[in-house]
Amino acid sequence: MSNGTFEPRLVGFLCNWCSYTGADLAGTARMIYAPNVRIIRVMCSGRVDPQFVLKAFKEGADGVLISGCHPGDCHYKEGNYKALRRYKLLLKMLDQFGIEKERFRLEWVSAAEGVKFQHVCNEFTEQVRKLGPLYLSKNGGKHEQREA
Amino acid sequence: MAEMAKEKAYRIHLMVCAGTGCVSNNAFGIKAALEREVKKQGLENEVLIVTTGCNGFCERGPLLVVQPGSIFYQQLTEKDIPHLVEEHFLKGRPVKKLMYTPPKEKTPVPVLSDIDFFKKQVLIALRNRGLIDPEKIDEYIARDGYKAVAKALTEMAPEQVITEIANSGLRGRGGAGFPTGLKWQMVRNAPASNGSLKYLICNGDEGDPGAFMDRSILEADPHSVIEGMVIGARAVGASEGFVYVRNEYPLAIKRMNIAIEQARDYGLLGNNILGTGFDFDIKIVRGAGAFVCGEETALIASVEGRLGEPRTRPPYPAQSGLWEKPTLINNVETWANVPIIIDRGAKWYASIGTLTSKGTKVFSLVGKINNTGLVEVPMGIALREIIYDIGGGIPGGKEFKAVQTGGPSGGCIPKEQLDLPIDYESLTAAGSMMGSGGMVVMDEDTCMVDVARYFLTFTKDESCGKCTPCREGTKAMLDIITRITEGKGTEEDLTLLEDMAHAVKDSSLCGLGKTAPNPVLTTLRYFRNEYEAHIRDRKCPAHVCRQLNVYTIDENRCLTVGKGCDLCRRNCASDAIRGAKNEAHRIVQEKCIKCGVCYDVCNFGAVKVD
Amino acid sequence: MVNLTIDGKKVQIEEGKTILQAAAKCEIKIPTLCYHPVVEAYGACRVCMVEVTVRGKTDLVTACNTKVQEGLDVQTGSERVLKARRLNVEMLMARAPAAEPVQELAKALGIEKTRFEIKDPQEKCILCGLCVRACETIVGASAISFIERGTERKVMPPFGEPSEACIGCTACAYFCPTGAITYEDKYGRKVIHTELHLGPTTAIRVPIRQAVPMVPLIDTEACIHFKTGECKVCTKVCDREAINHDMQDETLEVEVGTIILASGFKPFDAKRIPAYGYGHFPNVITALEFERLVNASGPTGGKIKLADGTEPKAVGIIHCVGSRDENYNEYCSRVCCMYSLKFAHLIKEKTSADVYDFYIDMRCFGKGYEEFYHRLLHEGTKFIRGRVSDITDMAMTQREEGKLIIRVEDTLLGTVRRIPVDMVILATGLEPSIDHNQLAKIFNISCSQDTFFLERHPKLAPVSTFSDGIYLAGACQAPRDIPDTVAQAGGAAAEALALADKGTFALEPVTAEIDEDLCAGCQLCVNLCPFTAITYDKEKGISVVNDALCKGCGTCVAACPSGASHQKHFRDSQIFAEIEGIFVV
Amino acid sequence: MPKLTLDDLAKIREKTKRLTTIRVGGEYRAKVCVHMGTCGIAAGARTIMNALMKELEEREIHDVLLTNSGCAGLCSREPMATVEVAGQAPVKYVDLTEKKIKEIFEKHVLGGKIVQEYALGIGSEKTDY
């Protein structure tokens, strides 16, 4: 915001066992990556309820990221498969709300893939930055105030 | 029932001998001639022609015995038949010309029983020879056949049968002379392992060269063997029997098959024999031409389809024989004696023969003897009686030298032992053995070293090759003896030969190896001088070993008597004779290969050999 | 028990035993040729004849298959026995002049020369029939038998043609006392340096001396019993009757509370670096193969030999094969430096060869390791710092003729050097064991980037994994040498025992619960739960969560249409609040 | 072929024995010898022999020995036959015809009484060998 470029505000739901640990690894390995993604820890990517995604967009998120274990690595066996299904369905709904598909993203990051998490954050941030802010609802107004 | 049923009586029965000997001498041709002539004379309703087994007097084959009156005709030819039929059968005048005239006499001896050859014989195993048609069971029954089976199966318990055989003193006629009763007892007592299966075997391998006793029994009287086996089976509780016959005896096999078939038809063989519930059947197994398969364990291996080679005993076949079941093995002649013992009782049988060797023994009398043939003599008879009284002495006025008994496993008995009584113990004491009964008579023209060589060649070829002493020993001994007959023998050879003989006898596995040295040992024992002659003076007293003969020509006889006929020179293969027509001939010793052709060819006795 | 006397010595032995066995019992030697303890006695050679008197009757019998009798008096060396034995042996000398056992027996009996005709001076077969009997009774193939009779007797397959019944087990050659039967491997499969098996062995064998447990195993491909159903010679010889051919592999179901995974490592496959010529040059071997070669109980008894059996004059040891390498494994396998130093030391000790050691960094991290390295420096091992590029046998100079040339960039000298050696040892690195990924799936644990198992936390929980109750020990978690592995194993065991000792098991605080009032009984969550922790209660018509089974993943909570399912500590309201918190500016 | 019982066996034995006694020279009740020299045959000895054979067959007699011999010397009185009942002297009959021989067979051979009118003489020639 400070230098006049649009800094998207992104929300990332990270599963506790793989992605959250991966992020932690990126941190302990002192890797530099875009801070735009604000992380919410859930026990498993399967826990991410579509409502959370919609709530996030409603609250003014410019993009939502869900990140879980690689298929087969899930600590709860099948949680990430459920997340994948919901992601596919949710993508179809977002169109109807006028939210571009690129604003919503699902990524597999294992506990060892600190580097991958770094790339995902940077890429996603750039991607949403290109899309620009999402003036979704009345909160969007608050958004203008922010803009101004 | 036989076609005799129509009660057709004949007034003359022609007993044509159809043993293998006579058959090979055109006996069937004689029979056809007889049938033709009898039909021509219209006597077919009065004269019955019967083919019988071997009559025994093989020297004089083909034979015919006319009954009634048992007129004995011999050395018949087809062209004698028309005259014989007309003269004797039509006109009732026996033909003297065809009768048997003893060598030194003039007048023929018409009646069979008056002929010396038959007079001293006592027929037990050969009781039916020449009297029945072996291919008609009724005729065997008529001769009290199957009476003993009836008695054994209905009136006697198995144990009783065994004690009867034991009391009779019958011993194995195969050669070893093992007491038959004891053997039957052992087989009976042998615990029948899984299932009560026990086997019976009739050993008809008869591998000895020159022995044809078993063949004659099987051809002349197969039912006696079958009846004996049924009794034996009943006694020891066997359910299956095998008759192991040499493949070289086709006629014996044919007649045995017919007899078995007829016995089965009459219910005397197979299931429920004579309605007594006792089952016993017999199969024929043909030998594959190996002398060693005469030995019981090799025979068993051969019947089982395995390689015919003996195995170490014990266990004896009585405990574990055919397919590891208790098996009773006896020789053909032993089986043939059984029915008559049961029929007439042990006491009667024990009255014949000596203290330790009971009953009679059939010998095939061959070699340098006038009356070659099959003789059955009581045990204890002296050798002299067999050779001179029965055998009719040595032909050609030659001197008797020795007799070889027991075939290749037997030994030679010299002139000095002529009064040796014939029984198991005395023959073994003399270094020979009873053996199956081969008796080869030898005269002065026989070289004893050559006899030993002949029998060794036989055992070397027939050795199964399993154990070292017999396989290598017989060959080694043969090499030594052959060297001696070629005049290359040394003194050491003699001692080595003797050592070898003892070593082979001691360490061979089976009977073949243990007895193969007997011919060598006995010829060494009684005729050592001949061996020494061959070695020291390079001479063969009997002129049999050709390499040692020296052929010379009596020059003046050749010139004066033969007038230099030059026949010898022309026939000499190695061109060793010098001389021309009307000149005395001479032999060049270096070139002479001692083939003896000149000696044989010269008609004037000019060629001398020493 | 039967009592008998042999050569005057009294001996007692069980019923049914043979004279030979009785003689052996009282150490009396009776010569035999056609006898073998596991094959049925045949009595063909007659060399074991002894003189026997029982109940007054004396006779010569074969000792190998004549059973003992009560009161038997046996003479093994009587004059009659020796005479027969000497002549039998002399005959065999003529039959088989080239047979050693016969010559030895002849010397023992004092026979110089045979007086009989020798047919074939090269003949070795003494017709003892051991091969025929072994093939028939032991192997059960009956492929060969005797043919012909008397002196013509020979051992042959039917009609002299190769027999289909023959299974090529070479039992006949094994049993042949005189070496008359030989065999050769048509396809030259003599194995020297692959998979540690170094050379053909018997069907029943102790794999290597240090095997734990040190118990023989039966190789069912090679064992004749599994081919023809016969043989079982091993059971005959093993007096403990410890061998049972009918044993089958069985899987055991064991209920355990905790599991320690110690699946170990697999050496890096040196063939993956073609430049080093492993598999192409016979004298390029891997570290484990060299370990086997230098092992005292190994095939060469610890002697260091080249493939052709000679002693190497120069040996090269190459470190970091397949480790610290972008193309293969980036991680350092940690143990190679130290065992390479051990090899260098062993080579110096056992041979007079020069040792060249090619390293990148000498990692002597352990206690006393550095001192060992200095010792090696003094022993004269030549250390060259640099990564070896390739190994070739194309000699450029006379000196390199017939040698393996190691081309290396010596970073300390700054030049590329060519070192001719006879043998090259590749210090191959460590990789996770062969069924590593499968194990990870079974135990539901994940792997770290270097493909070893992932520990729960590198510093705080190095031995445990994300799955409770499953622990890690040894090289499966990371390359590690023996002292470290032992220490870590101790730790893992302690962890496991601690868990087991507690007796109670702390449940997950984070579990789902279903609000009875909201639940419509649609049972959607019942099939959803991967741990079948939710069951449908028919009376109440609602689904119920079983706390012990629920792992707290929350999948059912997200899927519940009526919002009846809640996840403690991660209730919707809490997450909504978090989301709102993000955007409070 | 039915399986034999013991008495079947005995029956066969008896029957065959009768037919083969000729071979073993069993004891005979009587012996009839027809003289069939060349002249005898010419005088009809064959018919006498056939007649005798038929008699034996019909009456199933097996213990009478019927043989023939060469010419008995008295050619003028051919055909001739000698009948010798066991234990009695042989009797020669001459000028035989079929009818006569049947009568002789019945009366003398079976009945044991000599038929005087046909008989030539009693006793037999002495032979020196």
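Per-chain residue numbering starts at 1, and chain names A, B, C and D are given in the order in which the chains are listed.
Definition applied: a residue touches a chain if its C-beta (ideal position, glycine included) is under 8 Å from a C-beta of that chain, and two chains touch if they have at least 3 such contacts.
Everything numeric in this text was worked out from a predicted model, so none of it was measured.
*Asks:* Averaged over CA atoms, how far is the centre of subunit A from the centre of subunit D? Could you give it in whole Å?
*Replies:* Result: the chain centres lie 144 Å from each other.
*Asks:* Determine the centre-to-centre distance between subunit C and subunit D, using the mean Cα coordinates as centres, and give it in whole Å.
*Replies:* Subunit C and subunit D have C-alpha centres separated by 105 Å.
*Asks:* What's the distance between the Cα centroids of subunit A and subunit B, rounded to whole Å?
*Replies:* Centre separation, subunit A to subunit B: 117 Å.
*Asks:* Would you mind pulling out the distance in Å between where the CA atoms of subunit B average out and where those of subunit D do?
*Replies:* Each chain's C-alpha centroid was found; their separation is 42 Å.
*Asks:* Taking each residue of subunit A in turn, which ones touch at least two of the other chains?
*Replies:* In subunit A, no residue touches at least two other chains, as defined above.
*Asks:* Hunt down the residues of subunit D that sit against at least two other chains at once, touch-wise.
*Replies:* none
*Asks:* Hey, how would you classify the chain contact layout here, line, ring, star, complete or other?
*Replies:* Looks like a simple chain-to-chain line, open at both ends.
*Asks:* State which pairs of chains touch, listing all of them.
*Replies:* Pairs satisfying the touch definition: A-C, B-C, B-D.
*Asks:* Please output the residues of subunit A touching subunit C within their complex, sorted ascending.
*Replies:* So the residues of subunit A in touch with subunit C come to 9, 11, 17-18, 38, 40, 42-44, 46-52, 55-56, 59-61, 69, 72-73, 75-79, 82, 86, 110-113, 139, 146.
*Asks:* Quick check on the complex: what are the subunit B residues that touch subunit D?
*Replies:* 1-2, 4-5, 7-13, 15, 42, 45-46, 67-70, 90-93, 131-132, 138-139, 141-142, 144-147, 150, 154, 265-268, 272, 274-275
*Asks:* Over in the complex, which subunit B residues touch subunit C? Could you list them?
*Replies:* 290, 292, 307, 309, 311-312, 314, 460-469, 471-476, 479, 496, 499-500, 502-503, 506-509
*Asks:* Hey, which residues of subunit C end up touching subunit A in the complex?
*Replies:* Within the complex, subunit C contacts subunit A at residues 441, 444, 446-449, 454, 466-467, 510, 528, 530-531, 551-555, 557-559, 567, 570, 572, 575-576, 578-580, 582-583, 585.
*Asks:* Which residues of subunit C touch subunit B once you look at their complex with the stated criterion?
*Replies:* Result: residues 41-47, 49, 60, 62, 65-67, 80, 83-85, 87-88, 91-92, 94-95, 115-117, 126-127, 129, 145-146, 148-153 of subunit C touch subunit B.
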